[in-house]
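For reference, chains read A, B, C and D in written order, and residue numbers begin at 1 within each chain.
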Amino acid sequence: MKIIAEKMAKTRELFTVAFMLLLFLITGLINPSFLAGDNLLLCFNGSVIYILLAIGVSFVITTGDIDVSVGATMGFTAAVCATLIRDGSSLMTAVVSAVAIGAVIGLINGLGVTKLRIPAIIMTLGINGVVRGSIYVYTQGKWVENLPAVFKSYGQISLFGFVNLFLLGTVLIVVGTYLYLHRARKGKYFAAIGDNIGGATLIGIPVDRVRITAFVLSGVFAAIAGVVFASKVGFVTPTAGNGYEMKAIAACVLGGVSLTGGVGSVIGAMFGAVIMSSISRILVFLQFSSNWDDTITGILLIIIVVADALIQTHLKEKARKERLAARDLKAQSHFEEKEVLAG
Amino acid sequence: MSTLKSLDWKKGILRWEAALILILVLEIIIFGSINPRFLKVPVLLGSINDYISICIIALFATIVMITGGIDISGGAIVGLTSMVLGLLWQDAGLNIWAAMGLCLVTGILCGALNGFLVSYVGVQAMVVTLGGLFLYSGLAVVLSTLSVSSAYEGISGFPEAFIRIAGGKVFGIVPNPFVIFIILTVIAYILLHKSRFGRYVFLVGVNPNAAGFSGINYKLVAMFTYIFSGLAASVAGVVLTSYLGSCRADLGSGLTMPIVTAVVLGGTAITGGKGSIAGTALAAIVIGLLRFGLQMSGMSTQYLDIPVGLLLIVAVAARGAGVYMHRIQYSSKKEKSCQTET
Amino acid sequence: MGLSNDDRTQTPAISINGISKSFATNVVLRKINLDVYQGEVVALIGGNGAGKSTLMKILMGIYQPDGGEIHISGKKVNLCSPSAALSNGIYLVPQEPMLFPNMTVEENIVLGFQEKRAELRLRLEALIENLGWDLKLDRKAESLSIAEQQLVEILRGLLRNSKILILDEPTSALTFHEIESLFRIITDLHSNGISIFYITHRLTEVFDIATRVVVLRDGQITMEGSVGQFNQEMLIQGLLPTNYERAAIRKEEAVSDKKRKSKKPMLEIKDFGGYGFSNVNLEVYPGEILGLAGVVGAGRTELAVTIFGKDLVKQGAVILDGEEITGRKSKQIIEKGLIYVPEDRHLNGIYSMRDVEENVTSGVLGHLNKYFIDRKKSRELTDRYIKDFRIKVTGRDQITGSLSGGNQQKVVLAKALATNPKVVILDEPTRGIDAGARGDVYRIIHELKQQGVAVLLISSDIEEVIELSDRVAAMYQGRINHTFEENEITVDNLMSASFGVYQKEETA
Amino acid sequence: GGTDEVSDEGTAEPSDISVAFIPKLTGNSFFESANLGAQDIAEEVGFECAYTGNPEASVANQVQVINSAVQQGFSALAISSVTPDGLNNALKAAKEAGLKIVCWDSDVQNDMRSLHVAQGTPEQLGEMLVEMAAMQMTDEQKQSAKYCWHYSSATVTDQNSWQVAGEKYIKETYPGWVNVAPDNYYSGQDAEKAVSVGESILKTYPDIDAIICNDSTALPGQAQAAENLGLSGKDVIITGFCTPNGMRDFCKNGTVPVFGLWDCKVQGAMGAYLAYWLAAGNEFKVGDTIDIPTIGEVEVLPNTVLDPKAYTADDSGVVLLPERTIFTKDNIDDYNF
């Protein structure tokens, strides 16, 4: 048990998973129908948009920057994709356009942050405003509605009878990125830059290029989220994605991605996103008023980060003390030896 | 061996504030020529009503940011304190001034919770206040459902004296919020630039470890900055409630980003250690007037984010490129492009 | 070890031609010309701020020169970024460690390599084995002490297989043992034809490993030649400012045992224990300098920091001037009259972005005024210290981060001493500062002594300990091994006590 | 501001008069459609009509929009208010500056405006919502249906007033019905959240009979949720208010065979025109009829038609929209807004 606890504290993702299971379990105790297999799947299916946003943002956060423009990017790309589909473009064209737009927005963010040296929060805040305004310009303030049924049905496609296509795709992406970031030689560059950008420069990591890549990926993932949004929700309002950036960041934090950079994984971000997006569902099952949504989100967020902070500080202190005590022990045995010799 | 000209960055800040004033003047000239009504003194002064809460909160959020933290929960505290005020007054039957006092206490408590978690528990400020953002705005909604008047009706009918806090005018022209803003700016200025506490704020922002070794209770200092910020947000809550004559849970929604924008545009470093009250105060007005002026010139509100976003990027890029050129060079961390020479 | 003149006919491994660099108005390098041949170990010495690190950072592609050219093996290169430098076989071990705190030691070392991981690990293990350093590869870098960080940085450099290796003050935090093994490796490398730049402030090291000496002053090379042409005295002369008169540090007669006993100790540490040390008994008398010697990791910093109220006390007591201060908060301890000057200047000492005045007064603001800042008093105080300590500044409003290392150290000392302490604990007070500044710091320490302040001096530089201390306690693995009276203080004694092998005469 | 800023009354040409047409929020299909109506009539009559609002529906934002409209020198406001009383100060200032104030869709305190163009009384709309659900039920269901409400939030005025009226109507007419969630479900005008809340409702109450979505984001979201779970209109009754364009597919494929709305284009047109009409110097008394080009004659009713306790005065009244429409697959293609 203790070993599990320690392992959990060390592998931050496990902590998030445990927290999620606990949350699900408590909900299930109160309302068993929550734990029905297809409902849990629904919970995960419904998290796909947040997961995609969180993965994208986690790249940027890992390099020590931040991206608060993903909500707007998602809204914009969703609107573009939906408009194209509605007007009869092929799926391919729509997806490629959306992803290209996401990439361009990311590129602009990345260039602003690295070449113009604008702090990331400022750059992406500014771009957030510009993109959000552009949605109104692009849609002329109107909803994009009446998307063809085929397009909307992609969200319902199940493989092997129960695995949702989008969910499967997303999980594959998460696993792929995880392996890249933690196993590939260059994948580590992201975390290295977030950890110590000066050190990363010194050992020849192409810092600017990697940071720009992170922003581009963030934009691309937001764009994919936009496409999924258009398909799953079936209509796009000009306010789509409002406030999602904060939720995506919160999901990362819940999943143990440190905002100071260098720490965390996309797996953690994924489960953080599942928690974030399940809260409103859980409240329905608990027959709690939706008025409590934000309160509960806030409390969960604070509890989990406080618990995490306390555990981490405790572990660090413990490790330090053990190391120092070990030195002392050595000293003791040494002294004893000497005494034995002397005696 | 000559070293860096020490005065340079102070001059930089000064120059930056001058630049902000320049932008302000430009705004007045441009918008004035588009719509001459913009130049009327009551119109110009009165416009502050629409962004007073950003001004008030940004002043004190600056102090938080100088310690190297950030407070994004200010907007949520505005809504929460507005609800607390209304509930205490209407449902608990408290005297309006007593209710107002308790509402300020609420702001202090929210700030204290933020500060405690950041300073003493060691959670990153962005994360804590993000949690606070959800928590406080959520609580405001929950509180609004507790009132006898249904949430959607809001609470209104406040006494005239309370309405006058934001509704009144000094000498018949200067709206009270403007006066409140000036007073708070002076207070924040003295607090940050003249007091011992303010000096500690800078030192903690530059190097908390060193502050600890200098015998400064850096955790307490940092915690207090959040308390001030929470208090400022509750003042904004009172002013806004008085101005609208109605308590609403969503009063502060959408303030988060403008507040951060004002602080950063004012020249405060996101990494802490430097910044100024005058800069923030000017930047808040620059942004407020920009939005107001564009609206006056006929631009639809939904497009306003575009020019404001661009201004932010351009201004910060220009500042980075110009005034801070040598400082950027100083930070050895940056890569240089390969095009220089062959 | 110097190369014969025949070798000079070959093309230099690296040739620096007319490199200049200035930051804003500050001219740091003036047309530097330097050729370094294969297998040379070039000791680059010079005062703080002479431009050594700047020159090396240009070679590493971190800074771009304002003018001049660099040739490697006769070919002109454009070192526009560290990766360009790396691909030209250059590697810099920086002065300030730049590790990735959240990665393990191993990841820190191997990141950025193109080789297979397994191979790298084998090579790394072999290297550490060869050096005999005690470093766990799976430790997180953030838990490393400054000395251990420096070890990791050096390992990174050594593993790189570079043709030109630059070591910027690699030994400033290291002690005898590590330095010795490092020198062994450097000797190996240089016999394998690798060119090495070696920057140091410790002149003895120059004679230990360098084949050539280059003295840099105010951005110009003022002396250059094979190491055999110089002796230590000449180097010191070459380093000191032209009009510098060496502060005559005449060692006062040590407070004799009897004289001491007649006084009350100012600081008394009784059976003191905490994390990393235990059973420490020490007494420091007014007007006495007690040296604390030991190797890296002996626990001296922990002892000092625990006395200062920053870590948990496990046992024992600290008595300051008759009053017990065990386990109090740092703030109260400072008020009682004890101050600690931390070893890591950048991490714990200075507020680099603020001006000198703010730094100097940071510990005493409460005494200047209760709520508001009394600018007049604070200016006077700052000016006094700038004058007394000969801090080289353009004014009291100069940004501290822009001062040279030695002057930063003086600011740290001024900041500490402004609190009017009765006891000062100095932890590595001269790390990384040049001979001139070092003399100034020694002078300051002596003045403290004359004023009757009790000084506890922690230093890894044995010569420094010997030169300054009235008595020396040696710490080994968290215990005080032995305390030496003035007449017993010798390099041998201190060294053996630091390594835990000192045998008291009576037991011998 | 002083009164000297008022345009010369009575003699005004239509083109001198400008109306600020203010929605609760921009970017919502309902308000965008209303604006189309307003723009059409403005062009027809020849006055200037500016559509100005904030993408986020909040009191502070709307006050800002009003203030700026006043400062820009508009002659009248046609406004759909986000709050019954939070705009009072701003409207008072507008009135003092000489602007005429007309509300549409969502009202303010009655003494703050001259006219309100109502889509109907809360009772009418509440009853309509409930009846749209009831008409799809079997007789058995009508006795003991389980139902709930799903709309934007507890803080919006009109949707809550319809819900309250609807609840009252259910108590009287269908006493056997059970509201499974008396606290209601809210999705805050977030389409994605509407879908996920919608799915959870259907999962939590698999045997629910009807979900009433009196919000134009909640209705398509809830419909999409039902489709996601493979449910159709036969399994669960989903109905509510939305524009026909937003629901066309759901209506045709049987997920939401019946839903309703009033003609918001007409409502927008009436709001904008009446604002213009007042600014042009015209006056009215309760009981008068006003002729609106392309729409016809409307009668000014006393405020008490909406709320028996309401304030009454000669210069403050309500104009009701002639009709509300129930859309089914048979008639939906006749509408395009």
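Here is the rule we go by: a residue touches a chain if its C-beta (ideal position, glycine included) is under 8 Å from a C-beta of that chain, and two chains touch if they have at least 3 such contacts.
These figures come from a predicted structure and were not determined experimentally.
Looking at chain A and chain C, the chains that touch each of them are B. Ranking every chain by how far its Cα centroid lies from the centroid of chain B, the top place goes to C.
Centre-to-centre separation between chain A and chain D, using Cα means, comes to 38 Å.
For the pair chain A and chain B, the distance between C-alpha centroids works out to 28 Å. If you average the Cα atoms of chain C and of chain D, the two centres end up 74 Å apart.
Shared interface positions of chain C, i.e. residues touching 2 or more other chains, are given as 62, 81-82.
Annotation for chain B: residues 141, 145, 151, 300, 302, 332, 335 touch two or more other chains. Among the residues of chain D, those in touch with two or more other chains are 26-27, 55-56, 154. According to the touch criterion at the top of this document, the contacting chain pairs are A-B, A-C, A-D, B-C, B-D.
Touching chain A in their complex are the following residues of chain D: 25-29, 32, 55-56, 154, 181, 183-187, 189-197, 199-201, 203-204, 206, 217, 220-221, 224, 227-230, 245-246, 248-249, 253. Residues 1, 5, 26-27, 50-56, 58-61, 63-65, 67-68, 71-73, 83-90, 153-157, 159-161, 164 of chain D are the ones that touch chain B when the two sit in their complex. Within the complex formed with chain D, the residues of chain A that make contact are 31, 33-34, 36, 39, 42, 46, 49, 132, 135-136, 139, 141-143, 145-147, 149, 152, 155-156, 229, 232-240, 242-243, 277, 280-281, 284-285, 287-291, 293.
The part of chain C that touches chain A in the complex is made up of residues 60, 62, 81-83, 85-87, 92, 94, 98-103, 107, 111-114, 117, 143, 156, 275-278, 297, 299, 302, 476-479, 500, 507. The touching residues of chain A, when paired with chain B in their complex, are 68, 112, 116-119, 121-123, 125-130, 132-134, 136-137, 141, 197-198, 201, 206-208, 238, 246, 249-250, 253, 258-260, 289, 291-299, 301-302, 305-306, 309-310, 313.
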